[in-house]
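Here chain A shows up in two complexes: once beside chain B, once beside chain C.
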Partner chain A sequence: MTDIDTLQKDLANLPPDHPDRREAAVPAMLSLQSETGYLDDAAIEKIAEVTGLSSTEIEELATFYSLIYRCPTGRHIVQICDSVCCSMRGADQLLTAAENYLGAPLGGLASECAPTVLPSICLGLCDKAPAALVDGEAAGPLNRTLLETLLKRLQTEE
Partner chain B sequence: MEAILTRHLDQDNPQNLAAYQATGGYRSLNTAFDLKPEKIIETVEAANLRGRGGAGFSCGMKWRLRGADAPSPRYLVCNLDESEPGTFKDRYLLYGAPHAIIESVIVSAFALQAERAFIFVRGEYAKGGHRLIQAIREAETAGLLGRNLGGSGFDLHIDVHLSGGRYICGEETAQINAIEGKRPNPRPKIPRPSTHGLWGQPTTTNNVETLVNVPHILMNGAEWFRRLGINGGCGTKLFCISGKVKHPGVFELPCGTPARELIYKHAGGLDNDERTLLGFLPGGASTPFLLPQHLDVPMDFDPVAEAGSRLGTGSLIILDDTTCPIETVLNLTRFFARESCGFCTPCRDGLPYLVQILNAIATGNGSADDLALLDELCSTIATQSFCAFAPGAVMPLVSSLKDFHEHYEQHIITQRCPFDASRKEAV
Partner chain C sequence: MDTFLIDGQSVTFEPGENILQAALEADIQIPHFCYHAALGSLGACRLCAVEINPKDSDKNARVVMACLEPAQKGLEVSLSAAAAQQVRRHVIELLMINHPHDCPICDEGGECHLQEMTVACGPSYRRYRGNKRTFPNQDLGPLIHHEMNRCITCYRCTRFYQDYALGNDLGAMRLRNEVYFGRFQDGPLENPFAGNLVEICPTGVFTDAVFRQHFARTWDLKTAPSICPHCSVGCNTLPGARDGTLRRVRNRAHQELNRWFICDRGRYGHQYSEHNTRPLSPRVSGINTDYRSALAAAARKIQAAAERTGGIGSVREDLEGNVMLRSLLNDLKGIFTAFNDPELEAATLTAVSRMQELDNTPHLAALEQIDAALITGDLTVHAPMIDLALRQAWRNGAKLAMLHSSVAPLTQFASTAATVAPREIHDMLTQLYRQISRQPETNDAVTQTIKTIAATLSQARQPLMAGVVETSTAQDIIALAELAKAFEPAAQLIYVLPGPNAYGAALLSAAGDTVSLLKAVERGEVQTLIVAGSDPFSEPRSGARWRVARQKINTLIVLDCIATATAEAADILIPVAAWPERSGTFVNYEGRAQGFSTVFHRPEYLPSTADIISEISRLLENQLCDAASMLQDSFPGFQAPTPGTPGVQISAQHLPIRNNELMQTEPYSSDNGWQAALTSWLGDEPLAGFSPALTELAPPDTALINPESAARASLKSGSSVRLWNSVYSVETCVQINPSVANETIAIPRSMLVRLGIGHGDSLNLEQLV
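So, the complex of A and B:
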């Protein structure tokens, strides 16, 4: 049984206006996304069904949060910090280098096996600037060569 | 100096329950249970523990003002949504000492007689959040959480709320909306969360670093804690130092340690010894700049305020004389423009307008009227917006107009950025 199924079972017997239903919306989105990589329209409908909220309410939350993805993502996600400390140490050049290397704009997918590269607000890795999160793991300090090596590895590994 | 916040810290291999207990962990629970909640609050207030999340409000006073007779259920929220650029201290605590966080939440919840606590973890720290959940399960299994925890008669359940992202979720009332599953816009200032917080019930929110001090205060007393600080400060502080320094990092040092010592001794000085210090942000992205003449200001709440800035999160971002201050302010303002929740017009539309003007100046397309326009816009945005986000957002910009006036003029008169050459050296 997946996390979302467990959640559905937990919420099933609660009254429609029970606060636990709304509270479960973000955990449900993150849980489903961890299985599918992003939330398509069917996923939004599914979460609406599980929580008892309207699909509009779920969509409103999904589009507010920066870590909920409504477009397809690659097998790997690289978030490159573009906030002040990383920017001072060349984050902007790293973002450009990533676009050039992958041949796709940030957030875009050049091929099926390409990683998704996204700009991010401060990742709390200012001591590793310029830094990135690679599938949630900290990486840094990066330079162009290290980044390209990393992207190449992510493109080729299973 | 006695390290208290970093005592149990191990980023690579955080202590499990047994190791944490073997090195003194969870001992404050018995101390707390032997005291009455009012006595704990009195001790924390006497210790002058001030909020480490940015505002610097007295933790004990916040707890006392909620009132012992607040109706149940009562909630405690531990704010671990650290997203302020330049701030990475809470990440160290989350990844390095999950049980220290749990112990702190237990004794703090006992002081507040809160039966449910939330630890709000930013989504970018998800791996740390999972470590924390694992540690909570360990504590539950050992009877340190749940009903009648540790045989005290006190019940506490801790939930970890993993956020979906966005800086605004660090704001107290936006965070409450986020936990409830609502769109995380900040709420009106009145009624206060202390009476009408989560689901309309009394709710107390504290930054995680603030709470991690509490067990040590209970074990050693208020006077002991006050004496840990220097130059009038109380306790120790996790200072983050980043930007143009040799050894960026987190340093636990006495509250009141002068900026000069932080930058030149602990962070190793500027990363190029031939450069000079241009200025620094003392408390994260939403604080006014300080200049080289402020290097001897004790890094504590009141002295930094007297110097014209804010201690904020105690995160120093260092600029040397190759760092373009206009480019830096543009980056900061762009950050805030992107992170605005969009609820009120001055913030949603005003911050992008500031970015547009700053970008023109930074790229050599500024005009002579821009500086007065920036000043006027900042004043309107700061006073007309709904929450504290926008006033904080414009703070570095407003101070830069004064502190780096000549740099602005140089950009506008020469129609180019004088730092272009040095910037190309990066990466």
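So, the complex of A and C:
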């Protein structure tokens, strides 16, 4: 039984307006995302069914949180901070460099094994500006060379 | 009352009000976007900046948001202060950065809040030269057009849709500069009040898709105060017409009824008046002719029939048309009734008499204040705005208990809801009455549901009983009224009546006349039948009888503005003006008489029903007085209420209170087979049925059966079945729906009509292989 099935069983007996239903939405999204890398429309509808919320309500949450992905992602995800500190220290150039290196726009996938690069709101890593999250781990300060080395490693490693 | 100053002008305020509210009430226009009287303050748009002068001279003046700052005695507020003006100018400049310069092709142009605010506060030129953010639009169905690029992120749409109308299929997606208001996927908005987005959006993101098909600029529209003809609530509307055609209908605020909103049937049902089947030329024996010959032919037939003339008025015909027809029939000594169905007549008359007796029927604004309600039937379809008012009561913590036989969307907000077969509602109400008055009979198996509902109502400060006449018998109505009487004087009582003027029609009707007329027609005693604004052939329970009895009538004269089945079968068809094309009076469910004015004239000559009957009486050489004096005879001191005013309680003698045994109704057969229930949807109303935008959204015709009953009869979703009674049968397929009561088959009106049965009647089911 997968996490989502367990959740469905737990929620089944709660009244329709129970706060736990809304509360369960984000963990359910993360759980499904951990299996498939991102949430497609069918996944949104599945979570709506499990929680009893409408698919629009789930979509509101899914599109608000930047760690929930609604498009296919690569095996690895690099999120480069573009907020004030990182921007002042060259985040914009890093984002352009990543696009050039990978040959795909931000969020796009040039090949099956390519990593996904995304801009991110402030990561709170101002001490490491320009900083990034690599599969959830902090990295920085980055420069163009370090970034390209990183992307190369992510692209080739299993 | 305390006051404060805005630029030296004294403004009074109620405790708890903010500066913006108090200013708007005093007609001082502080610029604003996101504040709305129905939705309250949010502080999202930052436009209502004002400066507050300090009390101590050594402190600096500060700029605050008027919608978030409580009004206080002696406060000195400045709207004209340079600092506040600068904030407002900057806010407009920021909001206009992404807003397209498409006013010349935008439907909102001329009534756009953003346009007004930009002219009032903003810079005249755009300094920003970069790219604007753009969005794809969604297809939101036939009623609403979506143009997301125009959005200024005030959140009024989702606050109305989710918080006020309690819909869940429109939301705010994404974040930062990309906030997007839409649905998960393309598709029509499901909430029955979605059309209000058109008015609540301060710019052109949501516009009226029906108006768009035949658009006119707002300043070119002819408007006049009108009353919605699509249910018994009597919402005030403002139809807009141009070049002899009706283009749109908007809300017109009434302090006690529809304050800011109307339902989608009221907004989009008006297409009946532009429908291509609408009769616009008189027809005698199928041949188009002019009014003079048609009326002369009608008069000849009436003269020949004399007292063998019958007349059917209508619950959707105005007071004037009904009273004239009744007077004509009085003079001829024929039978008049305003109803097509004897049971519906009994139910409506009973409901009106009980509301008169209890004299505590709340208007919509008062409904929002109740703290508990017992609702029988589906209010969402039969009186959408009462449903919306109860949604507000629910938001304020009211407990709603519901008894329903078929689908009723309001159940999602009910604290207790039970599906009850139509023929068991009366028992249920009686048991509830005994439980409340603490006289349970020993053989009552009091269920938990009854105990819970009884407790909810007993603990309430102001319990409401609400019923739907169309799906109740007279006995059910009496039972609900008795329940309300048990809580006197606090209890309030509402019956949703079967038409915009059903209350008025009931006051002009005598109990039992419908069955007398129907029987007289069946016996061949009626030679000429005049039908004004009614469709007896499409009545669920009695339609089949009328269709058969038609053979016995020599001349069927129909006056109507839509092509009903009865109008199609008429020997003499006399088209009449639709509601926005004439003036008249409707009496709503409270007994409130409200006038409506002629908004425009079509190019064709189209008189009102009252005018036509007056002309017929002149041709009969027995000229009737005008409708106004007739109404004064029926209702002492009656003055036609001026359109645009709040209306007046009609002064009528109370209808006699009739008890069970006096009712003309036949009790349901006592067998335990299947029984029919009406399942309805928002466009299921005679006029709105001619509105293509609404009928496009009609659910498929299926037979709804609950899972238990379906399992017992070995039926699955999609099973083909034949439904039949003694005479007629229809074939359809089954859809499983848990909102339907046991042993009940919920079918749409069209199927009831074909079967010749009504809500609660028995029917048989047979599975087709």
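In this text, the second predicted complex is superposed on the first by the 158 of 158 C-alpha atoms of A that agree within 3 Å, B and C clash if a C-alpha of one lies under 4 Å from a C-alpha of the other, contacts with A are read in each partner's own complex, and residues count from 1 in each chain.
Assume contacts are C-beta pairs under 8 Å (C-beta built on N, C-alpha and C of every residue); 3 or more make two chains touch, one makes a residue touch a chain.
All values derive from a computational prediction rather than experimental measurement.
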| item | value |
| --- | --- |
| Chain A as common anchor, with chain B and chain C clashing or fitting | clash |
| Which superposed partner A:Phe64 touches (first chain B, second chain C, both, neither) | both |
| Per-residue contact with chain A, leading partner among chain C and chain B | B |
| Contacts of A:Gln93 with chain B and chain C, given as first, second, both or neither | first |
| Contacts of A:Val26 with chain B and chain C, given as first, second, both or neither | first |
| Touching partner for A:Ser55 - first (chain B), second (chain C), both, neither | second |
| Touching partner for A:Ser83 - first (chain B), second (chain C), both, neither | first |
| Chain B versus chain C as contact partner of A:Leu14, first or second or both or neither | neither |
| Partner chain in contact with A:Arg144 - chain B first, chain C second, else both or neither | first |
| Chain B/chain C common contact set on chain A | 53, 60, 64, 121 |
| Chain A contact footprint on chain B (complex, rising order) | 82-88, 90-91, 122-127, 161-167, 178-184, 199, 240, 242-244, 248-250, 285, 315, 317, 319, 323, 327-328, 331-332, 335, 338-339, 341, 426-427 |
| Partner chain A, residues of chain C touching it in the complex | 168-176, 180, 183-185, 412 |
| Touching residues (chain side chain A, partner chain B) in the complex | 19, 21-27, 29-30, 51, 53, 60-61, 64-68, 79, 82-85, 87-90, 93-94, 97, 120-127, 129-130, 133, 136-137, 143-144 |
| Parts of chain A lying in touch with chain C, wherever the complex brings them together | 16, 41, 44, 53-60, 63-64, 121 |
